[in-house]
Amino acid sequence: MSAAPLSDSDKHSTALLSYPGFVKRSLVVMTEGSYAFLTWMTVLTAIALVGLNAWANQVATGMAVTGMSDQVSWGLYIANFTFCVGLAAGGVMMVIPAYLYKDKEMHQVVIIGETVAIAAIVMCLMFVMADLGRPDRFWHLMPGLGKFNWPISMLTWDVLVLNGYLLLNLHVVGYLLYTRYLGKTPNPLWYIPFVFISIFWAISIHTVTAFLYCGLGGRPFWNTALLAPRFLASAFVSGPAFIIIVMRVLRLIYHYDAPAGPARTLIQIMRVAMVANLVMSVSELFTVFYTGGTHGATGQYMYFGLHGHDGLVIWTWSSLLLNLTGTVLLFLPAALQRGTVRIVACLLCIAGIWIEKGMGLIIPGFIPSTLHQLVEYSPSTTEWKISLGVLAFGLMVLTLLLKVIAKVFLGKMTVADQS
Amino acid sequence: MSDPESVTPDQAAAWDQGSTEAESNPEPELFFVSHESDQGEQASSERSVSIAKGSRIASAVPIQKAPGSDRYPVVIQRYEGAPMIRLQADDPLQRQGQVACSTCHSVRKPNLKNTVAQLDQFHQGFSFAHGQLTCYACHKAQQPDALRLADGQPVAYREVMSMCSQCHSQQAIAYQHGAHGGMNGFWDLSRGPQFKNNCVDCHDPHVPKYPSMKVQFKPHDRFLQTNDQSSDH
Amino acid sequence: MANSNSAQNTPASPELPVVNPTRRKAVKAGFATLGLAAFAAAISPLRSAAKQTSAQAFFQNHYRELSAEDKRKVIARLEAETKEKYGAEVHIADDRPIPGTKFVYAINLSVCNGNGNCVKACHEENNHDRATHQSYIRVLEMDKGSMELGNGDSEYQGVVPKDGKFYLPVQCQQCDEPPCVDVCPVKATWKEEDGIVVIDYNWCIGCRYCEAACPYHARRFNWKQPEIPAEEVNPDQSYLSNRIRPAGVVEKCTYCLHRTRRGKLPACLEACPTGARVFGNILDPESNIRWILENKRVYVLKEELGTKPAFFYYFD
C-alpha cells in the first residue's frame, strides 16, 4: 500500500455516494455462498439461538439457573469475558510489527487481527450482558443516561476501553476495507493515528480488565501486581494463536498465495509471550506454596484439593499440561513452518489459556470465600448454552466480516464492477 | 443499681408494655435449677426442685419520660416478692404446692456448716455450682425471705442485682453501659424506653453458668455443603 | 441472524449454488422467515419477564435523584406490587439518617455462644427468602487461640458453645472505606451520613462486582424472586432496607435502618439472648458503644485491608 493521500473533493463525493452500494453488496456477500458456508452459518445460527433462548430463560427465571452462588459470584460468563478481552488484545501483536516495525507482509494481513478484535469485543460485551442480573437496567450503565461511577469503578473503565477499542477497530477496518473497495489508496491521516492509539488501547483493555480483579484487597488470589502482566502475556499467546488458525482457514478456503512471514512472526511472538507467562505463573506458584497461609489455601485447592473439595484440580492440571505441551510444540522448528504442529500448538495454547483465565483465575479467586467457606462451582447447562451461543455469534460476526474482507481484498468486489 | 436512669418498682412493673411479645405472661416465670439444659428443651426437662421467681406485676400505665427529662427511662426487669419453692409431689387433694423459704426456715435453725451435698432432705436434686459460696453467703439466715449483702445487711429479692454486683463488679459496670445482659427497645432514649434483663433472667443464681443452647436456624447457601457430622456433640 | 435477514435481489455470484434467481430469492425469503420465527421463539420467555416490569419501574430514576413526589409514587407502586405478588399489606417508609448520628456495632466474643438467634431474627426482620433461610449474618465457629478464618466453620450445628471454640458473627461492617461502593459501576450503592452503606434495589444492575469486592461476605444476590408467605412478611418496611427485594439485585445489611433510624435497636441485637451485641451512636459521648470503644480492647476484621469497619469485636 502506498501512501498517496486522496484530497479531491470530487473523489470525496464519489466515496460517499458509493457507500450505500458497498453496504448493500456486503450484505449480499454475507448471505450467499457455498453449501459449506451456508451450513456453517446455519449451525452457528442454531447454536446462537439456543444460547439466546437459554439467556431469555435465565432473565425470566433468575440467575438461579446458573451454577453461581454468593460465594462464587462470577462464573463462566466472566471467565469467557476475560478470555475474550485477551483475544481482542492479542490482535495488537499483528499491528505492532505491521505499523511500528514496517513489516510489509504483516501489513497485508493485519486487518485479520483487527477483525478478530472486533468479534472478540462483541463477545466480551455479550458475556457481560449475560452476567447481569438485571439486563433491563443496562441503561443505568450508559454515560449521560444513567449514573456512571467513573473514574472510581474499574468496571466503568472497562466499559469505556472496550467500547473505545471496538470503535477504533471498526473505524480502521471499515476505512481500509472501503477505500480498498473504492480502489483507492487509504489516506494515512484517516487511519494511522487511530492505529497507533489502538496499540496503546489494546494494552489498556487487558490491563484494565486485570485491574478489575487485582484491585480487590479482599481476594488475595487476585490481589497480585503480577496479574496485569500475566493477562498481557497470555493474551499475546491466545490472540496470535487464534489469528494463525483463522489465517489457515482463510488460506484453505480462498486458495490464495498468502505470505508465510506473518504467521512465523506470530509464532515467535507466542514463544516469548508463553515463556513470560509461564515464568510469571511459576513465580506465583512459588509465592503461594512457599509462603503458605491464606494465599496458599487457593493454590492448595486448585492443585491438590482442600478439605475434600477438589473440583478444580482436573482443570488446573489440564491447563498446566496443555500450556506446557503447547509451549514445547511452539519451540519445535516445525512450528515455524505451515503444518499440523503449528496448528496443534495453537489449539493447545488456546485451550490451556482459556482454562487458565476461567477455571484457573476467575473461579479460584472465590475459593475459599472471604469467610473461608469452601463452595465449589461448576457451570450449569444454561451457562454452557449461553456461552456457546455467544461464541457462535462471535464466530458469525467474524465469518461475515472476513467474508466481505476477503472478497474486497482479493479484488472480487470493487466499486468498478458495481452498476 | 445506682444508675440514675433506673426506675422505681412501679415503672419496672410496666416492663411488659412495649416490650417483645414473649413477655406478656403475667404468671410467675419458672426458673429451673439446671446447668445443662438446652434453651429449646428447658420446658420439658424434669427436675426435682424448681424455684419460681417472684412475679412481675403487669401495669396498664405506659412508660413515660420522667418529669423534667427529655429522655425515656431504661427499664430493668424486676421481680416482686421472694421466690417460692414448688413442691415435687402433689398434696392428697392433687393440688400442686408452692411454699415460701420461710415456711420451713422460720422454724428451723440455720446450720451454717451445711454443704450442698448435705441438703438432701428438703432440697433434693438441687444443683449448685457457684464458686465456693455457702448458702448464707447470699441468703440472710435470720430472714429467710431476704438476701444478704456482704456486710450482713438484708436486701430484698427484688434488689438481687445489687447483691450480684458486689462480687461481679466488672459485669455490673459492663451492664450499666449496655455491654452485658442484652436489651430491647430503643437505643435512642429520646424516642422511647429501653428494657434490660435482670441478672437472674439469664443466670440461675445457684448455677450461674450460661446454659448451653441448640442451634435452631441455619442459612442454606447455594452449593454449600453442610457438615452434619458436627450436629452431635 | 445477519445471514437470514436480508433478501436483496442482486446479480448471482459465481459460487452461489442456486442458479435460478427467482428460486434463490424464494429460498432466501424462506430462510429469513424461518430465522425470524426461531428468533421470536427463542426470546419468548422474555415476554413473561417483561410483563413483570412496568414502564414506571423501567424508567425509575436513581433514589438520590427522586423528588419527594417521585418517592411517594415509587413507594405506592412498590406497596401495590407487594400486595399483588405476595398478598401482603405493607408499609414502606423512606427513613432518612438522624442528624448527628453515626451507627457503630460491637460484639463481645467472650459472651457470644453461637446460638444463631441473630441469624434467624435477621431472616425474619428483613423479609429474606424462606426457601434458602437467607440472612445477612453468618456465624463462624472458630478455634480458641486462632484468629484464622480458615479454621472457622460456618456450618456448625447442634449444642453450643462447644469446647475449645469461640463464635464470630459476621455481617456488613458498614466500612468507612467500603470497597463495595467503590467498585459499583452505576452508583447503586453508597454510604449515607449515619454510616450505613445502602443499595437502591431499583437501580442495581446485578453485576455482582460488589460481592466480589466485599472482604466480609456481607452482600447477597437474589438468584431468584424471594419467596415469603403473606403472613410471614414483615410489613414494617423501608425503601433502602427490608422491603422485599426484586430478583437479580444485590442486597445487604443496613443495621436495620428501618428500626435504627426510628431510634430502635437492630433486630439481631434484640434477638441475642447472651447480650453480646452492642449498638449505638458513636457521636454521643454517653452512648454504650462509646463506652465499649473507650474501655475495651476492640479489634476489627481484616484491618489490613484498610476498609475501616464500623463494626468492632472484643473479648473480656
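First chain written, first letter: the chains are A, B and C, and each begins at residue 1.
Basically, a residue touches a chain if its C-beta (ideal position, glycine included) is under 8 Å from a C-beta of that chain, and two chains touch if they have at least 3 such contacts.
According to UniProt, the chain labels map to these proteins: A = Polysulfide reductase, NrfD; C = Tetrathionate reductase subunit B.
Remember, it's a predicted structure, so these values are computed and weren't measured experimentally.
Across the two candidate interfaces, A-B and B-C, the one carrying more C-beta contacts is B-C. Across the assembly, the mean Cα position most removed from that of subunit C is the one of B. Subunit A (Polysulfide reductase, NrfD) and subunit C have Cα centroids separated by 32 Å. Rounded to whole angstrom, the centroid-to-centroid distance between subunit A (Polysulfide reductase, NrfD) and subunit B, based on C-alpha atoms, equals 69 Å. Taking each chain's centre as the average of its CA atoms, subunit B and subunit C sit 39 Å apart.
Across the assembly, subunit A (Polysulfide reductase, NrfD) contributes residues 64, 68-71, 373 that each touch 2 or more other chains. The residues of subunit B that reach two or more other chains are 221-222, 224, listed in rising order.
Within subunit C, residues 138, 154-155, 223 each touch two or more of the remaining chains. Looking at the complex, you find that subunit C touches subunit A (Polysulfide reductase, NrfD) at residues 1-4, 6-8, 10, 13, 15-17, 28, 35, 38-39, 41-46, 48-49, 53, 58, 62, 138, 140, 148-150, 152, 154-155, 170, 179, 182-188, 203-209, 211-217, 219-225, 246-250, 302, 305-307. The touching residues of subunit B, counted against subunit A (Polysulfide reductase, NrfD) in their complex, run 221-224. Per the touch definition, subunit A (Polysulfide reductase, NrfD) reaches subunit C in the complex via residues 24-25, 27-35, 38, 41-42, 45, 48-50, 52-53, 56-57, 59-64, 66, 68-71, 73-74, 128, 131-138, 140-141, 146-149, 152-156, 159, 212-213, 215-219, 294, 297, 365-366, 368-373, 396, 400. Here subunit B touches subunit C in the complex through residues 20, 38-39, 170, 174, 177-188, 190-192, 194, 197, 202, 210, 212-222, 224-228, 230-233, going by the rule given at the top. Residues 98, 106, 108, 111, 113-117, 119-120, 123, 131-135, 138, 153-162, 223, 260, 262-265, 269-270, 272-275, 277-281, 287-288, 291-292, 295-296, 316 of subunit C touch subunit B in their complex.
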